[in-house]
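Please find the structures below.
After this come two complexes, each holding chain A, first together with chain B and then together with chain C.
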Partner chain A sequence: MRSVERLTLAHLWAGFAAFAVACVLGVWQMWVRSPLTAPLSTPDHYYQSVTAHGVAMAYLLTTFFVMGFGYYVAETSLSRPLPGKGWAWTAYVLSLAGALTAAIPILLNKATVLYTFYPPLTGSALFYLGLVLVVVGSWIWCALMLIAMGQWRRDHPGEAVPLAMFGTTANAVMWLWTTVGVAAEVLFLILPAALGLTQTIDVGLSRTLFSWTLHAIVYFWLIPAYIAFYTMAPAEAGGRLYSDTMGRLTFVLFLIYSLPVGMHHLFMDPEHATGFKFLQMTLTVLVAVPTLLTVFTISASMEVAGRLRGGTGLFGWIRALPWERPMVLATGLAFFMLWFGGGGGLVNMSFGMNAMVHNTSWVTAHFHLIFGGTVVIMYFAIAYSIWPKLTGWQSPNVSLQRLQLWLWAIGMMVMTLPWHYLGLQGQWRRVATFDYTNPLIAPWGKWVVFSLIGGLILLLSAALFIYNLAIMHRQPARKATTSQSYALALHPPHHVPASLNGFRLWNAVVLVLMLLAYGYPIAQFFINPAPGAVVHRVD
Partner chain B sequence: MPIASERDVLRSEFRWGLLTAAAVGLIFLAILTAALAWQINPPSNVELIDPKTLHLSGEFTEDNLGTQVQGDSVTIRMIASQFAFLPRCVVAPQDRPVTLRLVSPDVIHGILVTGTNVNTMVVPGYVSQVHTTFTRTGDLLMPCHEFCGMGHSQMWATIRVVEPDAFTPDAQGRVACAQR
Partner chain C sequence: MLSDPLSKYITGGVAALVVAAIILGFVVVPIVQGSTAEIDPWTAICRSLGIQAGSPARRTPVAKTGARPVSDVIWDKATLERLNHPNREVGAQLAQEICAACHGQNGVSPDSKYPHLSGQSALAIYKQLHDFRSGVRQNELMSPVAQALTDEQMIALSNHYASLTQGTLDRRLIVEANPQVDRLIRTGDTARGIPGCQSCHGVGAGGPMETPTISGQRRQYISTQLHNFATGARRNDVFDRMRGVAARLTDDEIELLARFYAEQ
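For the complex of A and B:
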């Protein structure tokens, strides 16, 4: 095993361990909210569990996965050793130590503020310090990705950076911008309060800084899935990528439009006026563009593969695709869930219409479908695809991988469709128990139980996933080839404009857009500061 | 299968780009119409208030809370605090514009009213204001919809929507659930 494989495996196992724990907690939470009697059901335990579930899924699974996959892509797509492996391991140790540090106060019920913090509620300082360490580790990863791409470009002047690496570096650049908001919130507002240095917090400012991070972080989680769509799925389907340029454009658009849009999480907030909410809503609408471009390019790429495999007619190529390959199957299921999750998202971002669904189960359903569905199922597919290259052993049973992917997609739909419906009925979020004796609430009970069944299917799928990976570490498995191949474009780029081969121009665009979208909304808290809210300690 | 030429690829991408632009443009137009023509906007009056002293003087002292009629306008004032609304029940007239004004003296709260589009965050430091008209009579559930601590699930209020005839303010223009 070469060293980058060990590095990638260490990251991915850390992420998937957090994922497995979070799945168990998630199902228990749904049980508590249902009319059925769940063990250990107290509000303390419930919110402690919600905090752990959110931190594990949103911060740990994602960050470790993105980092590990990034190292792998850097070495395999650039076909040269990853620079700074010592630094990469340092970043890993920092992030892992941070995760464990944050876990202690969560387990002791001294950081029950959910993963989105909610100041002036304030937990143990260790919780925030731990998460800061995770982010610092990820910053080192960002630097290594930029260095890896820079070194490759220096040695290949005029050549197009391989698309997989271009997407990975776009993510690193975006993540550096993204974390500025939450880092400022934690370092300047929350940590001083957690350490007892300040007694009040400007809640409007802290919410605004968090919103800076809150949307772009979702694209940080999403981009590995898109890298797989563009560079791995067409290759495994036996075809070509329809357009390399479209891929570059998509990653650039994600970088630009994921940042100046976070205020759509604050539509219902009283600290911002209509004008800036409207401006950021307008930019949010544009985020739909890269997704729609991707739907086209990947469908076209799959059509190329289907026709190369003998498919004919308007839809015959779909049947001709090698659906028995997990990556192809996962791409199909991911796109299916993307339609529902994306459609729900259009309602969320629709300014006035947001009032209908804000802080209801509709929103929970939306992000579980988009992130838990579309993104995480691609994490599974990526893992199945690269694991044999990491361990050197093929899976003895690919049908179990397919079963696991199907269970995940079915479970996700069974869980989230009732949530959408209940959200429209007015079921609100973050509730430990519902009073099912209330005649308004009683009819919700059967749908909550229905969604719990979806949760159980997901838990079964998660367990099968861990098993499927574990058996690829065993000797009796068949020997695998260890070289990674990425999809070639139908017309490989012989010349790419500098703007689609680097990020200098786009950093300037992001800067301008962020000044426009967040300049005054943040400045207002210093021009006319709101009276502070008294810190409420929960530790 | 004939492989598409580079020009075919470009042309089909351009067509799809136009379709994408049209779809996104249509969505934007719908939102714009709702916002400008129908005045459906998020609650966004930026109005500061000190959470530490709001209960001591001014608009949100105890005897000012609840439903108050002044001339034609109906205003409902409430305090959202860990883990109850004050008052727990308020009266609103059917088919008349109502203004809800909420504040928090402690942490972040939020409200929705089931069966309506009333929704706002209640952030300490600010007065949240929502304009609405309730069209159906009955007791509506108004839960706190933002995590505010261990008692969050037990935090809700009732909005009692009554027919116009039954909405009878007293000499001070007050209407309360208990009087009825």
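For the complex of A and C:
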């Protein structure tokens, strides 16, 4: 096994271990919220569990997966050794140490502030320090991705950076921008409070800085899925990528539109004026552009594959696709969930409509469907695709992989559709118990139980996923090829404009947009400081 | 940097959209919304920018009656800093001279009517002393005592009792009780709108900062206070938190809870 493979496996297993624990907690949380009697059910335990579930899923699974997959893409797509492997291992150790440091106070119930922090609630300083270490580790990853792409471009002047690496580096650039908000919040506002250095905290400023991060972080999680859509799925379907340029445009647009839009999480907050909320809402709408570009391009790529495989007619190519291959199946299921999740998102991002679903189960349903559904199912597909190349052993039973993907998609739909409905009925999210004897609330009960069944299906799928990966480490499995190939474009990019081969221009655009969208909204806290909220310790 | 047509189209498109959003968000929409709420265009624009307070779509409501707070204690930075800098000698001396008669030597009360103070949080004691002084909490013995104290003396006393460790109050976690009490403490009763006691009084719970420690408190004192909250005789709890809870408890439950916490 080459060193980059060990590096990738270490990262992915760390992420999937966090994922497995978080799945168990998630099901238990739904059990608590249902009319059925759950074991160990107290509000204290519920919020502790929500904190652990959120940190594990949103920070650990994602960061370790993105880093591990990034290293893999850098070495395989550029066909040269990853630079700075020592630094990569250092970043891994830092991130792992950070994850464990954050886990201890969560387990001791000294950091029950949820993964979104909610100042002036303040938990143990160790919790925040641990998460800072994870982020520092990811910054090293960003630097290595930029160096890897820079070195390749220096040695290949005028050539187009391979799309998979272009997407990975776009993610690294975006992540550096993204983490500025939460890093400023944690380092300058929350940590001083957690360490007892300050007694009050500016909640408005904290929430604003967190919102800076809050939307772009979702794209940080999402981009590996998009890399798989563009560079892996068409190849595994036996076709070609319809347009390399569309892929580059999509990654660039994600970089531009992910950042100056976070205020759509603060529509109901009083600290910002309506004009800035309107501006950021308008920019949020533009996120639909790269999403629709991708749906169009990948559908076209799949049509190419289907027709190459003998499919004819208007829809005959769909039947001709090799659905037995996990990557193709996962892409189809991911797109299916994307329609529902994206549709729900259009409601969330609309200034007026958001008021109806704000802080209800609708929101939880939206991000579980987009992230837990579309993104994570592609994480599974990526893992199934690259695991044989990492371990050298093929899966002895691909049908189990297909079963796992189907279970995940079905479980996610069964779980989140009732949540959407309950959200419209006004069911609050992040609430431990409901009075099901209340005639207004009683009808919710059956839908919560229904969604719990979806959660159980997801748990079964998660267990099967871990099993499916584990058996590819065993010797009796068949030997696999260890070379990774990415999809070729119908028109290979012999020459691409400089703007689609690097990020200098787009960094300038992001800077201008961020100044417009967040300049005054952040400056106002310094021009006219609000009375600080007293720090409320929960450790 | 704008060397190719594609990048020109993208940046041009984004710029056009941003300009349109700025015109709509900061000018057109506020003026239209403001006109229906009888807000002049300039004020509406200023409000949409956040340089004037209020919404461009609604007139700012004017309260006709003054607010009547249930407590005058404000947990601001200045109060907390003063609480962190007590005069310990004054605290010990005053405790001996004034408080010990009822609250016992070292804050361990000899009479079930009077609460233990030893080990109680400084915030909790300060809040109650302040409330006795301002009159929002009344007691024939405590009100005149507190009215004779200065703010500095209250801070000194609060910290004195908070610093004592030999008392009966501590922050142990609740381990077990009879099922009825256990449920009330851990989860409360959702059907009656009663949160679990532990949601605020537990270790590291998310309750208000002035929440007192009640483990090991005198039984009769807890019972009396719960009844006072239930009847409204005591009303210095912000947002009716304790009045709301106590009014929904039965007399039996109050006695069970008082006994349980007293035995902890």
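Rule of thumb we're sticking to: the second predicted complex is superposed on the first by the 539 of 539 C-alpha atoms of A that agree within 3 Å, B and C clash if a C-alpha of one lies under 4 Å from a C-alpha of the other, contacts with A are read in each partner's own complex, and residues count from 1 in each chain.
FYI, a contact is a pair of C-beta atoms (placed from the backbone, for glycine too) under 8 Å apart; a residue touches a chain by one contact, two chains touch by 3 or more.
Nothing here was measured: the structure is a model prediction, and the numbers come from that model.
After superposition on the shared chain, chain A has more residues touched by B, the comparison being chain B against chain C.
Shared-chain residue A:His272: touches chain B and chain C both.
When both complexes are overlaid on chain A, the residue A:Leu121 reaches chain B and chain C alike.
Of the two partner chains placed by superposition, only chain B is touched by A:His491; chain C is not.
Once the two complexes are laid over each other on the shared chain, residue contacts for A:Thr282 go to chain B and to chain C alike. Judged by the touch definition given at the top, the superposed model places A:Gln394 against neither chain B nor chain C.
Legend: residue contacts after superposition of the two complexes on their common chain; A:Ser499 is shown touching chain C, with no touch to chain B.
Of the two partner chains placed around the shared chain by superposition, chain C is the only one that A:Lys110 touches, whereas chain B remains out of contact. When the shared chain is aligned, chain B comes close enough to touch A:Ala355, but chain C does not. By the touch criterion defined above, A:Val534 reaches both chain B and chain C.
Shared interface residues of chain A, touching chain B in one complex and chain C in the other, are 43-44, 112, 121, 245, 272-274, 277-278, 282, 286, 433-434, 438, 524, 531-532, 534, 536, 538. Within the complex, the chain A residues that touch chain C are 41-44, 109-110, 112, 121, 199-200, 245, 249, 252-253, 256, 272-279, 282-283, 286, 433-435, 437-438, 497-500, 504-505, 508-509, 513, 516, 520-521, 524, 531-532, 534, 536-539.
The touching residues of chain A, when paired with chain B in their complex, are 43-44, 47, 112, 114, 118, 120-121, 202-204, 207, 242-243, 245-246, 266-274, 277-278, 281-282, 285-286, 288-289, 292-293, 296-297, 300, 304, 307-308, 346, 350-356, 358-360, 425-426, 428-434, 438, 440-441, 490-491, 524, 528, 530-534, 536, 538. Only residues 1-4, 6-7, 10-11, 14, 17-18, 20-22, 24-26, 29-30, 47-51, 55-57, 75-77, 80-81, 186-187, 190-191, 193, 195-196, 198-199, 202, 204-206, 209 of chain C touch chain A when the two sit together in their complex. By the touch rule above, chain B contacts chain A in their complex via residues 1, 3-4, 6, 9, 12-13, 16-17, 20-21, 23-24, 27-28, 30-31, 34-35, 38, 40-52, 82, 104, 106-108, 110, 112-115, 117-129, 141, 143-153.
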